[in-house]
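Below are two complexes that have subunit A in common, paired first with subunit B and then with subunit C.
And then the complex of A and B:
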């Protein structure tokens, strides 16, 4: 999870990702952020993220993003 | 049938009375008939296209769901390996994809042929003329069905969502046809999602005082924007853009701001009428605007202007493209050759470029819209690239929360967006650049005379009405920051409440742009 945290902190150093659970709902992440995070995850974890994974529920918190990565790793 | 016409008001009154007179279970059927009648009155020929789109998308979505259900109930042989199961699933998804792509391409094909054939012919003729081939293809006499870009996109969002199993397919064709042809949004959107609109579209609705009055108030506010502001200022905008030789420099600046106001009042006014009409029947249509000109920057503006179109492009083009195999390879290539810092920007920037190109093309079959779309892309990219500079500025100077700085940001947004809209206004790319240039090379403030302004077709009283109307627009927007204005008015005493709404009604009646010099005008976004 450290690698993921590094990606997120790099993008929004002002956010406390350990506690924030409304990254999309509170409009902290915009569509540019979501795409940047998705492509960084693809690169860093070598997983496939599909169009149907690009939904707010998968990017709303650190935990949700991490769950998605694990799900994708299991699917691979 | 124009929204701002007596025919529409009569149509609306009949629909409203019959809708509530009918037993609840027949209300949605009646809305479907009303939608088709509305379309029939506009042009009977249009019905072929909307029915075709409705049926093909409905059928493809149903088939996809059938394939999925069949796979779920399939008895897999014992001892089947994980890989074999994955292979079967992939095969099933492939079948679904065929239906999805078939319906998608078929409907995009209809849109492309009807909307872009003549644009393609013009370009072929122009290229042929430039190379001296002497080819001259005649333009086709194509009628573009009303709201085709809106209802096609609305239907396709449903198709893609069903493909991604976001919700179940609608099994009843008439119900789905209603989703595509719901008449208040046939003229200029918004582009509703099935998951949003279906919640209240098929339900039984009994007349409720609050819902009906709030809907009527919203309709009135829409007519105020359209008739008192947009249709009045339209006269001056037309005078300026149709005579670029006379009106340059300071008049271009004036026309640019006038057009921004006209477009805002016209489009948001139309959407107010749409949402209001739906509300009077108990149906909730998603908001399409969130005070866009109060945005800090262009990126934020696009999250608050024509929201349903913006989210459509984000969900169905920007996101899928940015995680596609093509993008993955491009990302790898860029990281390898240009390093991580530049490489990681590639998916965002490339996808964004495609989105803005298609946004421009969606708006109209001409180069001015394409350049307008790409202009937005360039401004957003510059703003992104400059963000480290902004961050450094804000860490040094604590001005972000100062009122004057916020005002500066709003003015900047208004000016940048108004400049870009000049492409939409002049509808000719070289002419737009030329007229834009005159604001810097020949501003000519001394040319701004009362007699010249008088020749724009508006009397001093019109300017006073426009000024007062604009102030009212800004005031209402400011109050909206703290919640619904209609709710606040509802909290006032009876006398004040009625004075406000009756006053607005009188203003529309007395100051609406009707009569000699003003024609009933179509909404600007209707042509998209």
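And then the complex of A and C:
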């Protein structure tokens, strides 16, 4: 999860990702961020993220993103 | 034809009820558009305007386009500002152009007051429905020349002060004529606009739409992180022509959207401003085998795009898609440092010559003189060419290949950015001593190094009020000591080497 945290902290060093659960709902992430994060995950974790994974629910919190990565790793 | 609005005169007769511009809330037919333009133009003329800049501060919408053209109808030129710009940048723009009037909508009215704008604030919904003063509009049109500016758009400046590029009717008409031919625009064209309205990129949709009686949909911004919905939108609206930045195209291909859904109506995909990863380009080509792909190249200072290349074959990994050849009526002078023309395979700087060369930087004769120069190849008559700072060479087929930049300007997510402007903004923050900014092209990251008594998070937070979103550094490192060149300047080259060696 360290790699993921680093990706997120690079984008938003001002956010406490351990506690924040409304990254999309509170408009902390915009569409630009979501795409950047997804692209970095593809590279860092060597997984495929599909178009149908690009939904707000998968990016709302650190936990949600992490769950998605693990799901994708199991699929692979 | 001497006025961009001449395009509309004929089109509104032919297609009065057809949709010209549509967003999620409003669809303007050509008749609606014409009425709104005439009303806005008349309202401005009643305020006594004459060939002057008018600010347009509205949410991106079909109505904003009508406001732009209303400004032109009054013989004036529009200066778009946007809530995506940080307050500091907007203030610098207001400062530079000294406008007396700002057109707003209900979303931006209060924001404009908060900025301390002292001129007249006119609400679009009120001035677009007052009706037309035909006499006043006719008089304004008669006084208009094709060398009068129609807009000023602001681009990044290395000292921290943005540069306002002003372009005239004649340049825009020339551009639209040549571009429309390359993109094969006609009355059946349906554009899906991605570009913001506050740059020149949107000219590609705005003026061909009124020239041919085509239709432009302004695609909602949030769709650019939802690839499936984005393709659904393209199909639902039967969009057949898109001119997008590469990163917007990549959003669709990188997440394997094509396995689920493919754009059905696309005839022309134009892209530009940055490197297209070959893997992504090939994915698009395979998914849309009947679509024409066109790479466009050109700086704001030459009105929009100046060169094009039809990318009609598969490209191999590591190959660069050429920027191709200039549009008709535009000339590229590829000049070596000794002022002579570069031969085959030789590197040179791109100078652009033609009607496309704009009027220069607004209220900035010094920087204008630096880049808009007499044609170095002849001194017998006035012949102003634009020095792009882009280094290129010709390939074996005579196509131009982009090589690098002369200075510290970068292209990041489709935006043109001066690293110097980022550094200038960082230097304004309390607790910063020194700062050096570099760009990692491979991973497309803006990397900032600084020294001083301030945390990374505070640097980013502080910058949010000073820089547009797309200019914020992606990586920030605090150094104990800055790296210098032997003559005491901040050493970007060494910073870059340090970054690469530590992040491989």
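In this text, the second predicted complex is superposed on the first by the 76 of 76 C-alpha atoms of A that agree within 3 Å, B and C clash if a C-alpha of one lies under 4 Å from a C-alpha of the other, contacts with A are read in each partner's own complex, and residues count from 1 in each chain.
Heads up, the rule we're going with is that a residue touches a chain if its C-beta (ideal position, glycine included) is under 8 Å from a C-beta of that chain, and two chains touch if they have at least 3 such contacts.
Given the structure is predicted, the values throughout are model-derived calculations rather than measurements.
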| item | value |
| --- | --- |
| Which of subunit B and subunit C A:34 touches, first, second, both or neither | both |
| Which partner, subunit B or subunit C, touches more subunit A residues | C |
| First, second, both or neither for A:13, with subunit B first and subunit C second | second |
| Residues of subunit A at both interfaces, subunit B in one complex, subunit C in the other | 30-32, 34-36, 38-39, 42, 49-54 |
| Subunit C-facing residues of subunit A, complex | 10-14, 30-32, 34-36, 38-39, 42, 48-55 |
| Partner subunit A, residues of subunit C touching it in the complex | 221-228, 231, 247, 251-252, 254-257, 259-261, 413, 455-457, 460-461, 469-470, 474-476 |
| Footprint of subunit A on subunit B - complex, ascending | 164-166, 299, 303, 314-315, 318-320, 322-324, 327-328, 331-332, 335, 344, 347-348, 351-352, 384 |
| Subunit B contact footprint on subunit A (complex, rising order) | 30-32, 34-36, 38-40, 42-43, 49-54 |
